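Structures for review follow.
In the two complexes below, chain A is the common chain; its partner is chain B in one and chain C in the other.
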Partner chain A sequence: MLRKDINELLTQTGPGTPMGDLFRQYWMPAMLAEELPEDDCPPVRVKLLSERMVAFRDSQGRYGLMDEFCAHRGASLWFGRNEGSGLRCPYHGWKYDVTGQCIEVPSEADNSSFCENVKLTAYPLVKIGDVLWTYMGDPAKKPPLPEFEFAHVPAEQTYTSKRWQQCNWLQAFEGGIDSSHVTFLHSGGLKTDPLFKGAKGNEYNQNDTKPFFEVADTEGGLFVGARRNAEDGKYYWRITPWVMPNFTMVPPRGDHPVHGHFWVPIDDENCWAYSFDYHPVRALTDTERQAMVDGYGVHSKNIPGTYRPAANMDNDYLIDREAQKRGETYSGVAGIAMQDASLQESMGPVVDRTKERLVPADSGIIKARQKLRKAALALRDEGVTPPGVDPEHHKVRSAAIVLPQAESFLDACRDAVTVQPGVRQTTV
Partner chain B sequence: MTYTDSTGRAYTVDASVGESVMAAAVKNGVPGIVAECGGNVSCATCHVYVGEDFAQRVGGPGDMEEDLLDMAVSERRDTSRLSCQIRVTEDLDGLTVEIPPEQP
Partner chain C sequence: MAQATRTQTPDAQAHADEARALAAGGLSECARATSAYESRFRIDRPIAPARAARVVALDERAVAVARHVAGRQWAHARFYACEGGDPHDPLLRRLDGVPAPLGQVLSGTDVVVVLATEDSGRAYAEAIGRICRERGITTAGLVLGIDFEAQDAVAALRPYARVLLPSADENDVFELLTALRV
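Our next item is the complex of A and B:
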């Protein structure tokens, strides 16, 4: 359990909160590049860390992310005209460039000095891979750009989707470092999902429902090792990296692409689940890519034109009790992503952690909360840069491996859990 | 060993060397040691304050225990420990611990 004050500390990410300040130390996914597909395309509303913003791509291909509301009288710039290298408020024609600088006030007599003094809060927006990244902190402390492998492999090797999740970021993230639920909740998917099935590792997953957890501290976060019995007195290890504050990877299965997530707070009761799949050494096949688009694996089938899953809390996630009874799906909800999301959302917008009962399989979660708390307090009280800001910390991989019982997973896996460009992932 | 609750009521039990201070309490029905997770450093419901005289001999908390004491325990003191992580030894004969008014 957590005390109430600590639960609030970890779950509140608005401006001025300790965890909000922590999040504002990092580059973070702000949107998918596909949301701003061409120059002068319609602007998009973006809410992150409880701040309402508008994103646009100007006539020169520059990306901008700034306060949603016009400095004049507060109208939403989402209605704006994206034209001539700027976004123009349709109310009185005030125009802003991608840095938030007001560049025209056409309703007034020539007074360019007035313009100069009008600037909206704006953040950098940078395309790396399929994602547009932003940094919402102090410009003087802006770290180098992120180095996560999924965003840096060639385009044909990677795919990223996102979905709106109607709960606080922390309970969504905690699912990402909790390996013991896989054997239960996703047992159907291990057998049938085109992006999961067929791996030898799945058998170990299914045959040993009581994994033993070992958690190792790293410079940027944690490695959570889940150990299950394999044959001949060996252990099957699934190693899940967490890079602070909100990046997790799922251990691979066979030669399937490797997947993972970013859990990005929209506000305290909603988050974005960014879900990626990539293969370190080969292009994704057409079949794999189609399966991702269709919502298999860690992806979701969304309502067309939106990032809201088609199965959602308003339709009880289209639960199929017959499929549940037949064992086709363990919970009756289809798809790995929505199996997770349905249960995480069912806890309520912010789960009351004073009432939970953790068990040894939750040691990764206990450790991660502690690391978040310590980092947020060290930042607040002493200005200490938190783990995970340094791009070197981003160069981690998940791994699945069978080891002799005597070997420690971290000693045996140093190379496997480190990004080595052009080298295949370690997987069973 | 003696457990004292927040009202001052004392429970003295015979503990065996090797078992945990939590296990000895549960076995003897000492109220206030909940031990939900069964001694696996996960729940913090077996929190105790170690008697000053014994604090040094008992020693400090381990890593995971440290995390839980920090985040889950309502009033943490210097002598706070999770009793599931204290092994009974000959050396601890006569150990006294105080049970906090409430467990998480």
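Our next item is the complex of A and C:
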């Protein structure tokens, strides 16, 4: 359980809140690069951390992310004309560049300097990998760009999707470090999902439904080790990294691509789940990439032209009780991503954590909440830069490994959980 | 004629509007169930503390932490220091010094939290973990401070502890016990 005031502290990320300020220390995924596919393409509405913005790619290929509303009369710049290296409000023709600077006010005299004094709030928007990243904090404290491996391997080795999740970011994120639900909720997927099935590790998952956990502090977040029995008295370990505040990875299975997530607050009752798959040393096969596009693995099949999953709360997630009876799915909901999302959304937009009954196996979640709270308060009270801002903290990997009983997973896996370019992931 | 009107608060008005929308139909079961309107009907009864936790400190520094944490308000948590004795049947004391046989301490509990800062309590960690497993008691191990000072204790606990937190601190003990509602 969590006190009401702490739950509010951790779940509220709007401007001026402690967690909002914490999130504004980091580079965050703002959108997929595919949403702004070409110069002068239509602008896109973006809401992050309870701020409404518009994103566009100008005639010179520069990306801009700024206040959605025109400084003149408050019309939405989503209706803007993206032309001549700027976004022009169609109401009275005011025009802005990618920094939010107003560069034309047609009603003013030709030599007027009026527009020099009009600037919309704007944030940097930078393409790394398949993602456009933004930093919404103090420009003077802008950290170096992110170094997450999935965003830096060659394009043919990585794929990222996103989906709208209708609940607070924290309850979505907490699913990302909760290894014990896999054996139940995703048991069907371990046998049938093309991006999961066939790995030796799946047998350990299915044969031992009561994992043991070790939760290890790191400079940037946590490693959560889940241990199950393997043969010959050995242990099968699945190691889940969390980099503060909202990056998690899933331990690999066989030679399948490695996957993970960013859980990005839209507002306090909605978030984006960015889901990625990458392979550190080889290109994704056509079959793998098609499976990702089709919504297998950690991805979702979305309503065409949107990032809303086709199975969503408005159609009861297309729950199929007969498939559940047949053992094809554990909950009746198809797909790993929507199995998680359906249950997390069922808790309500912001779950009341004062009502929880946690167990020791939830220690990863307990520790993560504590680290988030400590970091938010240290930032607010003492200006301490939080863990996970330093790009060195981003260079982590998930791992799956079989170890002798006496070995500490951290001692045995230091190399395995650290990014080593060109080196294959550690997997079973 | 005076018109009888009732002024509604914005919240009440919003709920009334939402209730009308729900009554009009069209919403799925899940969309309706997660609406703010329906959330008002969640059963809201006090939750009784669920766990009768026993916290066992294996060494002197761990006892100091246990003593500090014990000073907070707990429903059913009880705190003990491991005094040594037969490694197969460790001698425990309450923090006020009263001896407490391990069997008695474990009677009626469903979770034991073992605290260690170094390796001196290794054998006792193993014994407590083993006995807890035999009795179906969930065990959690917290290694306070720098874990390399207590690697043997961690290794001894590993087969038994459902959860191990190396490099923990006093806050972790408090947070874990709070989260478990002890």
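A few notes on this one:
As a convention for this text, the second predicted complex is superposed on the first by the 426 of 428 C-alpha atoms of A that agree within 3 Å, B and C clash if a C-alpha of one lies under 4 Å from a C-alpha of the other, contacts with A are read in each partner's own complex, and residues count from 1 in each chain.
As a convention for this text, a contact is a pair of C-beta atoms (placed from the backbone, for glycine too) under 8 Å apart; a residue touches a chain by one contact, two chains touch by 3 or more.
What you are looking at is a predicted structure, and each value in this text was computed from that prediction instead of being measured.
Applying the stated clash criterion after superposition on chain A shows that chain B and chain C collide. Of the two partner chains placed by the overlay, only chain C lies in contact with A:Ser346; chain B stays clear of it.
By the document's definition of touching, both partners, chain B and chain C, reach A:Met1. In the superposition on chain A, A:Tyr330 contacts neither chain B nor chain C.
In the superposed model, A:Ser363 lies in contact with both chain B and chain C. Counting the residues of chain A touched by each of chain B and chain C gives the higher count for C.
Across the two superposed structures, the residue set of chain A contacted by chain B and also by chain C is 1-2, 357-360, 362-363, 366-367, 369-370.
Put simply, chain B touches chain A in their complex at residues 36-37, 40-44, 64, 67-68, 70-74, 104. Listing the residues of chain C that touch chain A in their complex gives 27-31, 33-34, 36, 39, 42, 47, 50, 111, 138-140, 151, 154-155, 158-159, 161-167, 171-172, 175-176, 178-181.
Interface residues of chain A facing chain B in the complex, by the touch rule stated above, are 1-3, 6, 354, 357-360, 362-363, 366-367, 369-370, 373. Taken together, the chain A residues at the contact with chain C in this complex read 1-2, 166, 212-217, 313-317, 342, 345-346, 348-349, 352, 355-363, 366-367, 369-370, 374, 405-406, 408, 410.
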